[in-house]
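Presented below is the structure to which this report refers.
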Amino acid sequence: MLNDITIGQYYPGNSMLHRMDPRVKLVLTFVYIFSVFIPRNWAGLAIAAGFLIFIIILSDLPAKLIFKSIKPILPLILITSALNIFYVSKGVPLFDWGFIHITSQGLVTAVFIAIRILCLIAGSSLLTYTTSPTTLTDALERLLSPLKVIRLNVHELAMMMTIALRFIPTLIEETDKIMSAQKARGADMESGGVMQRIRALIPILIPLFVSSFRRAFELATAMECRCYRGGEGRTRMKQLHMRVSDVVYIVVMLLLAAGLFILNFILKPAL
Amino acid sequence: MAIISAVKVSFYYETEETEGQATASHAVLDGISLDIEQGEFVALLGHNGSGKSTLAKHFNAMLLPSGGSVFIRGRDTADEKERYEIRRMVGMVLQNPDNQLVSTIVEEDVAFGPENLGVEPSEIRRRVDEALRTVDMLDYREHAPHKLSGGQKQRVAIAGILAMQPDCIVLDEPTAMLDPQGRSEVLETISRLNKERGMTVVLITHYMEEAVLADRVVVMDDGRILMQGKPREVFSRVDELRSVGLDVPQPAELCHALRKQGIPLPQGILTAEECAEALSLFLEDAHVGD
Amino acid sequence: MSVIEALNLSYTYSPGTPFRKDAIKDISIKIDQGDFIGIIGHTGSGKSTLVQHLNGLLRPTAGQVLLNGKDIWKQPKKIREIRFKVGLVFQYPEHQLFEETSYKDIAFGPANMGLDSDEIDARVRRAAGFVGLRDELLQKSPFELSGGEKRRVAIAGVMAMQPEVLILDEPTAGLDPKGRNTILELIKEYQQENGSTVLIVSHSMEDIARSAKKVLVMNHGRVSMFDETSAVFSRAAELQSIGLAVPAVTRIFMQLRQQGYNVGGNAYTVEQARDRLLPLMKKGGVHRA
């Protein structure tokens, strides 16, 4: 069952979001995150958040999945909001008791931050839910390939990522086996203080390291046998082609960003 | 011209005596000459340490000889300029199924080789599908490698080599880590590649049940070729094989044991069926009841 | 009394999820002290799952495992002690080596048992002796040893706990014929000298035929046969029907019997076959009309 855990938890589907060119998706996710921080008024914030909800619906992803991605950072949101509520001193004072001063501006700031963080996390999770790790790595490689000019070996980085992703389930399985074998010899991983538990990891980590190095060596040999010699001269079977729909998405997102920006000048700022 | 031609190949690892004395050399290969012809299925048989894997690694220039030369269709493996093309011509499948697969999706892994060769994308697609079909794994093309069985992984690895359109495939103990089912899947695939598609195959193994499938068996011991010939010829030399730590298939061993006791059974019996047939010729009298 | 017993043992992986898998179902077997048992079955038949229950690595979904009559899970906090009494050597055990010297690695098990250093030393040397490991190898790092030596160190590491029951999962996996013989011989000697109970899980019918006194055949999570070796191999047709190959000599005997020759029951080793056939054969051949 551990084998089914993949980084970012790709959720297969056929929505427009799934079918979007991954390079476009990646870039637009960043544009969206940037856009979320533009609005300084309620209308703008509502539009940014509303846009996200609209996209979520279009993605055919179950709401439960989105909540799952938000859950871990709720504590963070609460803390940040609390900090803002208690420490922002601008605006109309609302509540005074001892050293607790709550102002209207504090509340507004807290809400803005909370919504922004929520949108940021949910928006990023949309990316990882609708794009498989391999496709993401691929998109990153192609997007960053112009950086070759500053001697950044983009291909090698992408290759490293792909191999890492490929071997994570294998390594998890191997760790499991090593743990079982050491437990069968009486290794105790449960009891004792911190130092003892750390020491108890040695019979797991050393064999794992040794086997990983051996694996790496064998894999490198196998890759050389298949004529690998870095990114030079390599072609790709899977070609990415931008389609008209992708262009439309880009335009829409740019309009959103621009619109939010303009709204800042038209409407009175809340922040 | 032979596809692979090893000429007086020697190979040394530099080793040290345990007491830290002067470095001594240990000859892993000692003056081996061997030709592999187009369309042949050759089995390199030997116990661990006989040098069979070391020799195999010379065939695709993973190792270079300390003495002698290896030629692939006339190209010298020692020539760095030829190395790339040699590795395309001589594809190598290794022992550990996991440590050959590079991608998270089967078809992308099979595409790895042709991509390295700079093959044009639609042609890669064609080759990948063709290779997967040949090893009977086309249905799994979008699966993740880590979920496959050992036999399936090895077949994907073979497909990855086939997609490079090699002249010859060398398989270094491909079934050593597989269960019986995986082993028979892989052997069946290799056999089919050779018989139906005329692919030249070199199989390195220590299992005689696998070596019997070959056209020619080359038995290695201590860095030298001990004997070679058709499987029947080789496996009839039971005592010699035993003396170098190899077994023979049970039917051959049984006939040998009976021959030692005076029963003149013919040489060269390999399979259970042949053995039963041969034995029955001496058993008619013991036939009880009709 | 049986030394180890499974009572209606069942285990399900990931119950209640879409990945649910019944690995073993309702297994009841009794293993007597001093038994030498071979466990065979196709991949996925539940062999590994079963043996991991016997040493308490897995906890049954249903049923019990009894060691000397007592349920091993009666006191779950003390389950580690069971693992010292039922030693399990995993497949490719050389992958678990980690210590600075082979000596220390073999001592890992006994050290976990809380024994004093004299006792540990005695046990390590005894175990090293069983697997034929020379003294100078004990002081080397396990990573400097050959594959066969590493495996023997790993096996010694479990033997050093001096378990009542020793289980080995595919001890000859990946070895060449000479290596296979070495390992099987040392296991046989160990069993004979100690009189301990030994279980070998294997895919090799020939290996099982040569060493085991009883054979447990698993099929799709259930016990298909559990009997003396000769009895199990005499049911060759059944074994073939559940996807297990029988040794070649067994097939030879089956074919001869099919053709009407009275060659007695099945043989499963070459020596047996030769001894069974010799008295029946005419040296000059048989004249066929």
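Each chain carries a letter (A, B and C) given by its place in the written order, and its residues are counted from 1.
Criterion: a residue touches a chain if its C-beta (ideal position, glycine included) is under 8 Å from a C-beta of that chain, and two chains touch if they have at least 3 such contacts.
Predicted model only: the values in this text are computed from it and were never measured.
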Winner on C-beta contact pairs when A-B is weighed against A-C: A-B
Chain whose Cα centroid lies at the greatest distance from that of chain B: A
Averaged-CA centre spacing for the pair chain C and chain B, given as whole angstrom: 29
Centre distance in Å when chain A and chain B are each reduced to the mean of their C-alpha atoms: 46
Separation of chain A from chain C, taking each centre as the mean of its C-alpha atoms, in whole Å: 47
For chain B, residues that touch 2 or more chains besides their own: none
Chain B to chain C touching residues, read off their complex: 47-48, 149, 176-177, 179-181, 206, 245-247, 249-251, 253-254, 257-258, 261-264, 271-273, 275-276, 279-290
Touch list for chain A against partner chain C, complex: 1, 4, 174, 177-178, 180-188, 202-203, 206-207, 210-211
Residues of chain C defined as touching chain A within the complex: 13-14, 17, 19, 52, 55, 57, 80, 83-84, 87-90, 93, 95-98, 108-109, 112-113, 143, 157-158, 161
Touching residues on chain B, where the partner in the complex is chain A: 60, 62, 84, 87-88, 91-92, 94, 96, 98-105, 107-108, 111-121, 124-125, 128, 144-147, 157, 160-161, 164
Footprint of chain B on chain C - complex, ascending: 42-43, 147-148, 173-179, 203, 206, 243, 245, 247-249, 251-252, 255-256, 259-263, 270-271, 273-274, 277-278, 280-283, 285-286, 288
